[in-house]
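Shared between the two complexes below is chain A, which pairs with chain B and chain C, respectively.
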Partner chain A sequence: MARSGKFWKTESTFAYLLLLPALIFLIVFMFYPIVYVFFMSFFKVNKLAELVSFSGLDNYRYMFSKPEFWQIIVRSCMWTALAVAAKTVIGLIIALLLNVDFRGRKIVRTLTIIPWASSVPISAMIWQWTYNNDFGLLNYTLQSLGIMSNPPIWLAYPRSAFFACLWVDIWCGIPFMALVFLAGLQAIPQELYEAAEVDGAGSLAKFRSVTLPLLSGVLTIATLLSILWTFNDFNVIYILTTGGPGTSTDILITYIYKYAFQYLRFGPAAAMAVITFIILLTVSIIYARNYFRRGEIL
Partner chain B sequence: MKRKILVVSIILMLVLGLSISALAQKKVSVLWMEYDGLTPDYALNLEKAFEEAYPEIDLNIISTPWDEGHDRLITFIAGGQPPDLAVIGTRWLLELLDMDVVEPIENWLSEDLINNIDPALMEGKIGGVLYGLPVAAGTRLLYYRSDLVDKAPETYEEMLEMALKINNPDQKFYAVGMSGQKYVELTEHAYYLFGNSGYYFEMLPDGTYGKCTVNDEAGIGTMTFMNDLVNKHKVTQPGVTAYRRDELQDLFIAGNLGFFMSGGFTATLLQQRGVTFKWDVAPIPHFEGKPQSSLIVTDSIVLFKDSKVKEEASKFLDFFYSDAWRLEFDKMIGFPPVTKSLADDPYFQNPVYQVMIEQIPGSKGWPLIPEWPECNDIIWDNIVATFLGQKTPEQAMNDAAQEIDNIRGM
Partner chain C sequence: MKKKTFSYYLVYPAIIFVLLVLLFPFLVMISTALKPLEEVYTTPPHWIPQNLTLNNFSDVWFKYPLGTYFKNSLIVAVGTTVLNTILCIPAAYAVARLRFRAKSFIMYLFLIVQMFSPVIVVISLFKIIARLGLLNNLLSLIFTNGVFTLAFAIWLLSGYFSSVPKEIEEAALIDGCSRMQSVVRVLLPVAMPGVITTVIYTFITAWNEFMFALTFITSMDKRPLTLGLYNFVGRWTVQWQYLMAAAILALIPVVVLFMFIERDLVKGLAGGAVKG
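Coming up: the complex of A and B.
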């Protein structure tokens, strides 16, 4: 030890020192922007995003007075709930299938990761072409195979556009869920299944009594992450529909973008960002409490 | 050993030399918009040629699709990193002036360059000061299938009559192209509105913009006509709300549309792609009893106040506005030349450019108000609501006008 003194002697102090760069990074790139957005939401803000004068709750009042804003909050929650539910169910089914030993399993596992490995904007652009009414692959296939003689124009109407966007988000998110669940499944000791078989448990009983309880930790973390990402999924909607027709596929994150970077109204945009933050923080706290409580029980 | 030391020393000197020359270079960044018809090669070649002519300047052309240009520029500015120069829609200029970020470009232009620009195109001159140097300016045109109709319709009523005859949705051929998905500006609506003697705002005697007028007789009449084309006569492509302006262009080029309104760039694309059907251009139609009026769109180049290389940026403008580079640029983007020296060039003496030039006197531009991007979206959303049958044309235009006036505090 070339250096001497108490500071370098304790292991924890040294650990803090190692953490310092990451801490500085977090303060500059995470905490400062978050705090600044909080301030912006209570201020009149100019077009350069600079605080001009304190305006109290004016930005919040303005957003709350817009009926469209409430519709967008409901739509954002529905979008997240449906997408996460679908990704979880499909991801779990794929993980269960990939956990079974069969020939070519490695190839299938590699193929599963492709949507996750490709960039979301590129995937969204490919889907945009796929949905195209005149030259798109989807309608061409549906017509050629005789499945639909007159397929819908997917992005033209509010409901079909919403579900078309939802599907792309699900498609992009399934591989992550499947791989995380697969890792969780592989960590479950085989002996537990053998013991359950000795007790006469069938496949469904084994899934209910062994797989699900032991996978619950992974399920909680994966769905929480998926909720956070899906709620803030800007790329898919913006590329496919830019929030349209009208504002019928806008969710909070695309709406915030429009207010901030198209209309340069940073005050209301910041108020919406704070609301988003509160919603996601609440969900995260509930999840974390459930997760740790379950940990204590186990 | 000595040989190794020699080789390492030479490499070090080369690296050092390159670093010093890189540091000595002044960097000029240009936010560049990707016009339809303008190939990526053009920007690359321009950059290369400029750097060869001025080795002390490192030019960085940042290419951006038009529909993302505004947001990208705002992101640069809000992040405190504006480019030195940017191509903008002139309608964004008031917003930028409001932010106090643009420099009077006239202070940095050579006399030769200023004198070579047609003064009529200087929409970027605000309060007598030139902030935006015109980069492209042109009126819009009606493209039509001359193999299917004998002559171009002069009025929208005539166009409807012809459309009913040629519309053939079973063969995926639609008479009129109509876009309903947001794409930069609500151009389609402007074509119909201006042809009905309408405008977006009342013009006050002092030249400023008063209340929103999309719900006056002309505005509601226009919306009713557009909605009838879509929902009553069904002569447009189905699912208009899924189509952006550029997708309509693809549809016309693919031979699936009879009438389609667009800029000169579509003519360039039609030529570039060598379509096999016959097409022609005509002035934008108008409603019966109303004067003809097209939309005129101008784009400008602005210089930012924060730029530390204004002189170098000015050199780039001189280079870019030289005849050889401008001619190629104008040909590709399909706009008439903004420089006087190219006005008589044989290339621009064809019907596409002639029609564009003839329409200039009666044409109207976009409103120059800082809140325009939001007003634009509000009108779009209400047009879409009409197409989807959620609102009547009158309701939609009343709602749009009311919301716009609220935003502008009127």
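Coming up: the complex of A and C.
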């Protein structure tokens, strides 16, 4: 306590000084825009995104009274739940495979990463061509291998377009899951498996009583991250279908964008952005909590 | 080594299946990029090009403004990286080395902020960019990409700085270095792998960005690659063999760079959970 208080004061002043440039940029291009969107959501806004007059909760009321909006909410939840579940299960299976000490493992690991390493917008364009009904190689391959005798025109109908987009999102997210789980698996001490073997545990019992419990930390944090990313996936849907046909493949994030920049209805778009912001904030706080509980940062 | 059981050999078919599924669109991309026009538009399609050609690559470069798109992407990615690095090194140093009251709050904030979708703010950001007179200017992309990569970059880099023992810098200070010198001559060289990781991360993110470009860029000569290729699909009767050739060219640099940093990304994102 008696230690020169001044030194610490100058040290913290210095720290704030170093943080200042970064904080200014964050404030101008991120925090201020967020506040402004909150603001906007309570105003009538014209097509040039200028505030016209205070309108209270009108924008929210307008959105909530639209059945389409509720459909989009439900679809966003389905989209996130299905995609995250699929990524987690497939990622875990791939991680278990990569955890086997086989020849060529390093190369396989590298190849597995490519969908994550690739640029999402460009991947989406490649998938668009792959899904092409007449000349695309997906339907041709599915047919010639006898997996599907009559595959749909993927991007033309609401249901198939939704699953086509969903699959591309899953496909993009699998490598991250696989890598995180692999890192988690490799951190499990070998002795635990040996001890379980001594106790007469089979492979399934070992998986249930050793692997899964020890992986739970990684599982939680990866799932939370994946929820955030999946919910935020703008590129895949916008590029593959622009939310279409109609709004049948829109999720909140693409719907907001369309509302603002295609329909030029900035007020309702801002209201939806606020709702989305609150959802994201909640999940990311849960993520941050988990992150700090497991990590030894600070 | 463990005994090689029957299940060991089952791994191979499983792995091959997984790789075929994960690499499927890239195989499509390569196959299409190597086909001449007539072969691309035949039904039923076929996998192996009968008349292998590399003309698509030169056509896409000389007949279409792919070079301009590349240049724009490079300007945006390099600009973003420079801006981000200048902002991020002092901030990461403060977080890793100095004591101040709001530290845990700020770290918490940075972790949360990186999860915000740019779509939430793009509505108002559009107005700010317009007011700054930066619409249809590559600077708009440099600023926005810089900010949206900043939090995670500080996060990554401060982790690296903290892992360097303080004593090395203290020794330099005792030897008469100023604080600035101790950072530039001692800390940064030791933490160079971390700086490189951060730089690559920023570069890749800016290179791949699409939504801001879609919103802020209006003229063709300012389009970065992602937007340029996206408009490729709309404007010219889609010549998919060209698009696929362009995609290969656009992907190679980022995929290669990504391989250098994937381990750090996994660690940075999952935190203590994967440190074991």
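The rule is short, and it goes like this: the second predicted complex is superposed on the first by the 238 of 298 C-alpha atoms of A that agree within 3 Å, B and C clash if a C-alpha of one lies under 4 Å from a C-alpha of the other, contacts with A are read in each partner's own complex, and residues count from 1 in each chain.
Everything that follows uses one rule, which is that contacts are C-beta pairs under 8 Å (C-beta built on N, C-alpha and C of every residue); 3 or more make two chains touch, one makes a residue touch a chain.
These figures come from a predicted structure and were not determined experimentally.
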{"item": "Partner chain in contact with A:49 - chain B first, chain C second, else both or neither", "value": "both"}
{"item": "Which superposed partner A:175 touches (first chain B, second chain C, both, neither)", "value": "second"}
{"item": "Which of chain B and chain C A:261 touches, first, second, both or neither", "value": "both"}
{"item": "Which superposed partner A:154 touches (first chain B, second chain C, both, neither)", "value": "first"}
{"item": "Contacts of A:241 with chain B and chain C, given as first, second, both or neither", "value": "first"}
{"item": "Which of chain B and chain C A:118 touches, first, second, both or neither", "value": "second"}
{"item": "Partner chain(s) touched by A:134 [first = chain B, second = chain C, both, neither]", "value": "both"}
{"item": "Touched partner set for A:163, first chain B, second chain C, both or neither", "value": "neither"}
{"item": "Comparison of chain B and chain C by chain A residues contacted", "value": "C"}
{"item": "Shared contact residues on chain A - chain B and chain C", "value": "49, 132, 134-135, 257, 261"}
{"item": "In the complex with chain A, residue positions of chain C that touch it", "value": "1-2, 8, 11-12, 14-15, 18-19, 21-29, 31-32, 40-45, 47, 86-88, 90-91, 93-95, 98-101, 103-104, 106-108, 111-113, 115-128, 143-144, 146-148, 150-151, 154, 159, 162, 207-208, 210-211, 214-215, 225-226, 229-230, 233, 240, 243-244, 247, 250-251, 254-255, 258-259, 262, 266-267, 269-276"}
{"item": "Residue ranges of chain B touching chain A (in the complex, touch as defined)", "value": "70-71, 74-75, 77-78, 95, 98-99, 101, 172, 180-182, 237-242, 247, 250-251, 254, 256, 370-371, 373-374, 377, 380-381, 384-385, 387-388"}
{"item": "Complex contacts: residues of chain A adjacent to chain C", "value": "8, 11-12, 14-16, 18-19, 21-23, 25-26, 28-30, 32-34, 36-37, 40, 49, 94, 97, 100-102, 108, 110-123, 125-130, 132, 134-138, 140-141, 144, 171, 174-176, 179-180, 183-184, 186-188, 217-218, 220-222, 225, 228, 231-232, 234-235, 238-239, 253-254, 256-257, 260-261, 266, 269-270, 273, 276-277, 280-281, 283-285, 287-288, 290-292, 294-298"}
{"item": "Contacting residues of chain A [partner chain B, same complex]", "value": "46-49, 132-135, 153-158, 161, 241-242, 244-247, 257-258, 261-265"}
